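To keep things simple, chains are lettered A, B, C and D as they appear, and every chain counts its residues starting from 1.
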Amino acid sequence: MCERPLIAVISGSLQPDGLTHRIARAVETIAADRLNIRHVPIGHLPLYNPALEADGASVPVWTTFREAVAPADGVLFVTPEYNRSVPAALKNAVDVGSRPYGASVFSSKPAGIISQSPGALGGFGANHHLRQSLVFLDMPAMQQPEMYLGHSSALFGEEGELVEGQGKTLLETFVAAFAVWVDRHPVRQG
Amino acid sequence: MCERPLIAVISGSLQPDGLTHRIARAVETIAADRLNIRHVPIGHLPLYNPALEADGASVPVWTTFREAVAPADGVLFVTPEYNRSVPAALKNAVDVGSRPYGASVFSSKPAGIISQSPGALGGFGANHHLRQSLVFLDMPAMQQPEMYLGHSSALFGEEGELVEGQGKTLLETFVAAFAVWVDRHPVRQG
Amino acid sequence: MCERPLIAVISGSLQPDGLTHRIARAVETIAADRLNIRHVPIGHLPLYNPALEADGASVPVWTTFREAVAPADGVLFVTPEYNRSVPAALKNAVDVGSRPYGASVFSSKPAGIISQSPGALGGFGANHHLRQSLVFLDMPAMQQPEMYLGHSSALFGEEGELVEGQGKTLLETFVAAFAVWVDRHPVRQG
Amino acid sequence: MCERPLIAVISGSLQPDGLTHRIARAVETIAADRLNIRHVPIGHLPLYNPALEADGASVPVWTTFREAVAPADGVLFVTPEYNRSVPAALKNAVDVGSRPYGASVFSSKPAGIISQSPGALGGFGANHHLRQSLVFLDMPAMQQPEMYLGHSSALFGEEGELVEGQGKTLLETFVAAFAVWVDRHPVRQG
């Protein structure tokens, strides 16, 4: 019998009841049989500044964040778009996890990206800016299905539940593909 | 007689003695006759989160940051590249200054961008990701001369002074063009 | 009395009855009082290859294209998206018009961008990839209003006419802003 | 015994003796033991226009191009940068090979990207614009090592041979990693 792979989910919004986190939780439900989801918080991380780790100093919450991501078999980013790019909080998590040089916790982990917006565009700008960072981070990025969830508030019903419809179907297809992607990209050891 | 335009300089590095800040100070010296430079700090700003300003709440350091940028006649961004994009600290300053909706302090201000890296690429990825945000912020962005300062540590001598050479000449050309750009793009009032 | 500025319209689609050209013609109608629109064809241009102009050789259709753009006071790009970027035909027009080095017909001309798609995303990827080229071309690019026309087939009625509604209003707002943008950015002479 | 995988090499320059093609041939030499390189020409392809294939029509040189790429086990793009993006000729090859919808010859093929420039920046803009297209094309893109070959004329000696040095070492590392990447990403059948 086979263990489900551990997936670190990093949500680019700091609003726990916002659409981004609701999508992240919906993914957890959809993926329950296949993926072991770990939501990793990022809102409390100080802005990345290499000087804070100079001369052997450490920033405990950065360390804790890295330790939460390190054992994962893959990373799923779920994000809104701010100013046509990734929110600062998400970029900060990327910067913190990627340092110090040579000790990135992201290296070689397979990645999936879901972007969302209340408007029509579905966070396209955030989605692809993040992809450019993933190149440097050496994270094999799943290409298809792309997931730009526009009009994202329509995904949920009055009780906050994911409603039946195209959005739910897209997420199910995405999760199934991501499980295969993670399986095909085992993390490089040591 | 004419007052020099006020330029808010936002530096994407949190290391006050790092190359980014040294370039920002070199620009100040070069521009002394033409531009009134105001270095606006960003390292202390909490990660942007709209919930912190809900229901009439305010975040005093965000307010102070916005008030420092608001009167400027233009904004100059000087930035390194982290993970092929803008550092989180700079994106955070962009996000904080751009909100709340309808009250962005950046709106219609002319912008210049200098990116730098110790390696060859000169922060091209950060430069253009920032430009994508400037579209949303409605900041007329100076297109030429582009300024990708590669091998940026070679710009400075042993005493930290900007050395004569191609880098200095590029910065002088950039500053002269930026002064014209700012002059041609008066900020929209009210 | 004042002449209307001459605007070269470059459409990224090679289908004369397609949505892109219909939008370009709708812009012409909307702008009739303010802008003198010249549709510049691009579909017949051979792929840009600097070798074809080596040693004093010339490619007559490239020359004709450049001569059609050269006198314009501004350039309006209207484009679909192919494979999340600009169509090859549009990139080719950009490449042809930008060469030989030092003789770009685009230099300093103010630019507007309309992207469109039959789906929801409105050609966001094409829009911003083109913007990255405009930096190099030294074309001041209008930032707002951004124009991502999604579901673009809904813009038109059964007779091919632009229907009343949000899309038409967006285009009217865009054209008014672009006329001001062109007026504020006179082309640099010689 | 094992056959070497077939790699379609698509070069974004139309100058057969230019730096891009020289790099492509150098890769062939370096990879001789591991990869079966097929250089696929693109300069003669008419600009992509879906109307040319409407109603059962075909464009024979498009068909030939697609047939040359279709059997490949991977695709290696080698490209210069024009106007901070991919050359029109390369974008055209991408557009031609990706259509008609549902019959893309690129789908699921693993991809590598080498960008080059005679200047310092190494074609960063072309490299990442192409990557954005690869997302839509569903081509798993090798992330590391990134390959931005700046000052590319210095790669070659007087006889046109690849000289010993950092550039050659980078290419060797790239080719070794790409061979592994291709091996790990078998093309999806039918």
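Everything below uses one rule, namely that contacts are C-beta pairs under 8 Å (C-beta built on N, C-alpha and C of every residue); 3 or more make two chains touch, one makes a residue touch a chain.
Source: prediction; values computed, not measured.
Novice: Return the chains shared as contacts by subunit C and subunit D, ordered by label.
Specialist: A chain counts here if it touches both subunit C and subunit D, which gives A, B.
Novice: Among the chains here, which has the CA centroid at the largest distance from subunit B's centroid?
Specialist: With centres defined by C-alpha atoms, farthest from subunit B sits D.
Novice: Could you tell me the distance, in whole angstrom, between the mean C-alpha positions of subunit B and subunit C?
Specialist: The separation of the two C-alpha centroids amounts to 30 Å.
Novice: Centroid from C-alpha atoms only, then distance subunit B to subunit D, rounded to Å. What do you get?
Specialist: Inter-chain centre distance comes to 37 Å.
Novice: Quick check: what residues of subunit A touch more than one other chain, meaning two or more?
Specialist: 84, 125, 128, 132, 135-137
Novice: Residue numbers of subunit B touching subunit C in their complex, please.
Specialist: So the residues of subunit B in touch with subunit C come to 128, 131-132, 134-141, 143-144, 146, 184-185.
Novice: Considering only the defined contacts, which subunit A positions touch subunit B in the complex?
Specialist: It comes out as residues 14-15, 43, 45, 47-51, 82-89, 91-92, 94-95, 98, 125, 129, 132-133, 135-137.
Novice: In their complex, what parts of subunit A are in touch with subunit C?
Specialist: 84, 120-122, 124-125, 128, 148, 150
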